[in-house]
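Given below, in the form of structure tokens, are the structures.
Note that chain A is present in both complexes that follow, paired respectively with chain B and with chain C.
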Partner chain A sequence: MKQRQGLIALAFLTPALVCLAVLRIVPAISAVVESFYTESLLRGGRVFTGLSNYTDLLGSKDFRQSVGVTLLFTVLVNPIQVVVSFLLAVLFTQKAAGSKLWRTLVILPIATPPAVSAVIWSVIYRPDGLGNGVLGRLGLPAQPFLTSPNQVLPSLIVLLSWIGVGYWMLFLIAGIQEVPVEVREAALLDGAGPWRRMISVILPLVRRPLAFVLVADTVSNLLVFAPVQILTKGGPNGNSNLLMYDVYNRAYAIGDIHVAQAEVVILVALTLAIVAGQFRLLRGDQ
Partner chain B sequence: MSLSVLGGVVGILFFLPLLWVVTNSLRPGSETFAHLNPLSWQTFFELRPTLTNYSALLGSEIGRATLNSILVSALTVAIGLAVCATAAFGLAAFEFRGRGLVFGIVVLSFLVPFDAIAIPLSTMFRDWHLTNTFTGLVLPGIGNGMAIFLLRQFFLGVPAELVEAGRLDGLGWFGVFRWIYLPLSKPALIGAGLMLFLFQWQAYVWPLLIGTDAKHILGPVALSNLQGQNFADYGLVFAGAVVLTVIPLVVIAGFQRYFVQSVSSTGLK
Partner chain C sequence: MRRNLFALPAAAVAAALLLAGCGGSSGANGSGSTQTADPGPDTGTITFTGTDNAETYQPVIKAFEAKNPGIKVTYTQIPFDQFNATMQQRLSAKDTGIDVYTVDEPRVSQLAAKGFLTDLSDLDGKVKTSFSAAAYKTNHFRDKLWSLPMWNSTQYLFYNKTALAKAKVTPPAADPQQRWTWEQVEAAGRKSMQAGGTKYGLFMEQPEAYYQLQPLAESLGGGSGVEGADVLTPAIETDGWKKAMQWYGATFASGLSPRGIGGFQTGPVFSNGDVAFFVGGPWDLKIFGSSKIDWGVAPLPYFQGGKPVTPTGSWSLGINPASKQQGMARKFLEFATLDPAGNLATTSTTTIIPANLDAQKQYTPKMDAFSGAKTAGAAAITAYESEHTAVSRPVSVGYIQFEEVLGKAFADIRNGTNPDARLQQATQQLTEAWRSIK
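Presenting the complex of A and B:
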């Protein structure tokens, strides 16, 4: 009986399993395998070269800069986005006039595809664009934004937060709303101030969604591509050359597909290491 | 009171870029930078709106690319839901050896971020001559592990008695799936459908790698191509941005309840 059930289940599962295997798992494995090969003109075809693609990468100054920029970006963007979405989630779950409408305005950019957002912000960041218009109105001097080595990462962070914060906020709002109203009201009656209530009542109770947001946000930020490709092309001087863009550039502009595969493997390994570290940290303070 | 002021300021700050885009889509491209120095109320409002940018969109590459995006997303949702729902049924309704393993593969497949494997996958698609085909654009969207996972969670809640009754009435297993599981699971199906839709609609890396000729280019890629030109018509750029944002917005707004459900259940359960 069980075996028959198994066959029927397999029939239902086959199309999806084929898709997942061919479209997700095989390319992941193929990236690892191909990263150990290189194209040889002399011998006509691909040749096993062991770790030489990896040692080539590690020996390249541009690659090391790209890793450095990616790590710096990760350390900046994730805490900013998680803290901002948490604060906004708390703000928009308070009883206040117009809260629903303001919340909707924050969520609205979710609908804009990331590449479209990047195009919009490429106009905002122009020297004569909206960004400097707003600064001018506030009496501040005009800024170069994307063409300045120091401002390019912060500019990308602002753009990515505009895209992403509303999305992450949704998870945290859902988490806060699962906190029983009695708990929140009890804290209010005990005379806890808003700051105190946020830190000692709400924060511990949304640990799980908060942990999810931190991990998912980190993964998505490590794979940021469209804004770099559309706005900065990694520049100026490689200061926004995030790994995902570097991989793309290596594969299609430089045409070195095997080294690009090695770089994909490094990017995924880096992502796993950072996520594993976050899990340890989160478990550590329980 | 102060909380709603703070909320209002934050909300308006987030909304300003979109408002600016909409306003500029309603004025000629030559005036895009006219009201920025100094900033005035006219930066964000247009008293004599014109739809010329939108009519220009119709015959342009972006217009065609938007239609392509609609086609690709619709195909992805239709085929993807069929594939994912049958798989979820296979996982939820049967007891068999290796179920844990299969479920593990599903979970693993959505833990591997798609963009990370897009480049190795695109080399495979090149070998299979799937570049610049709709098949090549649609395929990666249909096997969505997260959608299978969500649907399975929902299907597990279908009462066993109902299935038994259906079997006694002579329904085959496909009949049980079609006439018992699917009708009971509309909210989950809509949630999974939204997930498949947004995955495709927002995709950029994959369409950039796979669909670059005029026939198969998708909306976001076409828009970024236009922006990259030296003498871009910003009126057209902004009108394209509005269209590419409004379409998913309408879909999300129409299924708002299910959208929030599908988002929050991925994070919490």
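Presenting the complex of A and C:
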């Protein structure tokens, strides 16, 4: 009987397992294997070159800059998005007039595909666009946004936060709403102010959804591609050349699929290292 | 809590695997196949893929379907910015969903070398007599014919008549013998800005594209930017290139041209009346016709002391070797290029120059009337440039890398990076990118 149940379970799982193998595991293995080869258009044929794609990459100034830009971006964007999502979640779980309407407005960008958001922001960031129009009304000078090496990364962070914050906020709202009413009332009776209640009561009790948001947000930000492709193409001077875009550029624009696959392997390793580090930090706090 | 935390690394690994999957698989298989492809069925539906709007190809598809009952053609559009990358991806995956596709002429060599084009050498004789020598040559690689030219192009200097009148500037003449220099354009553009006629003085339609910027360097004798027996040695640090790029960067630094507007947002800057001079192609002759401003057309300028050079070439058509419908695909391709009526039908909604010489003869005289009096002189300019000043983009197996690397360099120079240093960096990037090809 038990064996039969196991077989039925396996039958149900088979489509998912097959998809996992075909769509994920096989391409991943293929990426690793292909990263050890190179191909010459002039001579023709595929040649095994060991780690040369990796050493070429590490020796490339452009690649090292891309890693630097990606790490800087990761260090900036994730804390900003997590903190803003948390603050908004706290704000929108207060009993106040219109909080549901505001909440809906913040969540709306989720329904917009990243490519469409990028196009919308390309209009905002244009020299004569909405962004500079607003700054002009406030009596502030026009900004170069996407054409300045110093402003391009912050401009992308603002755009990505506009897309992402509402989404991550949803998980935190769910977490905050699960905090027992008695606990909140007890804190109120003890005379804790709003700030104290947020830091000492709500924050420790939403640690689980917060951990999820931090890790998932980090992974999603390491995969950022569409806004870079549409708005900056990695420029100016490689200052927005995030690794995921660099992989795409090497694979399909430059057309060197083998080096691109070596870069994918490095990006995966980097992602795993960052996520593992986050788990270690979170575990240490328990 | 602990269980939940164990589930998270699994999610991260799944995400990482997804990331790895994005690398795709290698599809390049060396030199293009020379075997005669299986023609496949005589009737059915073939897919034609390109960058233009669907309306552009409706007339040619309709005419072809009327002539070939039983064959249907579906058109798929991939936006220009994503076209080359998407095609690399799909062709390397041997996607049978593409039968005929548009090929940017300088990319023929690499596409053929990668095995992404079907050998069409049996049509060589016909092609030689039907197209110009430049178009014939560009579609060849290693003595074989890989694609058939569909269109040709050139560039014009469009000017805003009202703004120039306000600045008391006599507009440039349409006569190629009285062609303006870039220095004249710059001075007149500044006058227009000072007179409050326009926000900007000069703007190029494709401000980061080699196609449009090659003439700047070539006009100063800087060469195409690539040399050597295998056409894989970067040569973009010549005096001509440096001077051209310094001038180009300065047009943005001084506000003569706008930064931050790219892709296909450039045309409206002219049609809204925001710029005095605009460099654009034959397609603009009709597009700008619907704008409210009064404008005229003149030949592309050159640098004082240099020589007039204009870009040329456009899309060809090729067949995907993975297509299972080679026979039908070939019929459509021949109709749209070798048959003058078919070739003319490809230009009936978009005003681009047909590559077929018979079609061209019928088409060019009509260009003067595309947008009434505004386009007067366009036909003579087109004929003159194609005979005297047109310079093709380099035919190199590394052209794709060349165009990508230079495109980024142009963008950086436009945004204020030192041109000499950026050209040096681009040389290094090209050397790196071409190392694996060699």
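Rule of thumb we're sticking to: the second predicted complex is superposed on the first by the 268 of 286 C-alpha atoms of A that agree within 3 Å, B and C clash if a C-alpha of one lies under 4 Å from a C-alpha of the other, contacts with A are read in each partner's own complex, and residues count from 1 in each chain.
Convention: a contact is a pair of C-beta atoms (placed from the backbone, for glycine too) under 8 Å apart; a residue touches a chain by one contact, two chains touch by 3 or more.
Small disclaimer: the values here were computed from a predicted structure and weren't measured.
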item: Fit or clash between chain C and chain B when superposed on chain A; value: clash
item: A:88 touches, of chain B and chain C: first, second, both or neither?; value: first
item: Partner chain(s) touched by A:106 [first = chain B, second = chain C, both, neither]; value: first
item: Contacts of A:71 with chain B and chain C, given as first, second, both or neither; value: neither
item: Which superposed partner A:279 touches (first chain B, second chain C, both, neither); value: second
item: First (chain B), second (chain C), both or neither touched by A:251; value: both
item: Contact breadth on chain A, by residue count: chain C or chain B; value: B
item: Contacts of A:28 with chain B and chain C, given as first, second, both or neither; value: both
item: Contacts of A:271 with chain B and chain C, given as first, second, both or neither; value: both
item: First (chain B), second (chain C), both or neither touched by A:260; value: both
item: Touching partner for A:130 - first (chain B), second (chain C), both, neither; value: first
item: Overlap of chain C and chain B interfaces on chain A (superposed complexes); value: 23-25, 27-28, 30-31, 34, 122, 126, 128, 208, 212, 216, 219-220, 223, 229-230, 244, 247-248, 251-252, 257, 260-261, 264, 267-268, 271
item: Chain A partner contacts - residues on chain C that touch it in the complex; value: 1, 4-5, 8-9, 11-28, 30-31, 81-82, 84-86, 88-89, 92, 110, 113-114, 199, 230, 232, 258-261, 265, 397-398, 400-401, 404-405, 407-408, 411-412, 414-417, 428-429, 432-433, 435-438
item: Partner chain B, residues of chain A touching it in the complex; value: 2-3, 5-6, 8-13, 15-21, 23-28, 30-31, 34, 88, 91-92, 94, 96-99, 101-106, 108-116, 118-124, 126, 128-130, 132-134, 136-137, 162, 166-167, 170-171, 174-175, 178, 208-209, 212-213, 216, 219-220, 223, 225-226, 229-230, 244, 247-248, 251-252, 257, 260-261, 264, 267-268, 271
item: Residue ranges of chain A in contact with chain C within the complex; value: 23-25, 27-28, 30-32, 34, 37-42, 44-46, 56, 60-62, 122, 125-128, 144-149, 208, 211-212, 215-216, 219-220, 222-223, 229-230, 233-237, 244, 247-249, 251-261, 264-265, 267-268, 271-272, 275-276, 279, 282-283, 286
item: Residues on chain B engaged by chain A in the complex (per definition of touch); value: 1, 3-4, 6-8, 10-12, 14-18, 20-21, 32-33, 36-39, 43, 82-84, 86-87, 89-91, 93-99, 102, 105-106, 108-109, 112-117, 119-121, 123-124, 139-140, 142-143, 145, 148, 173, 177, 201-205, 208-209, 219-221, 223-224, 227-228, 234, 237-238, 240-241, 244-246, 248-249, 252, 260, 263-264, 267-268
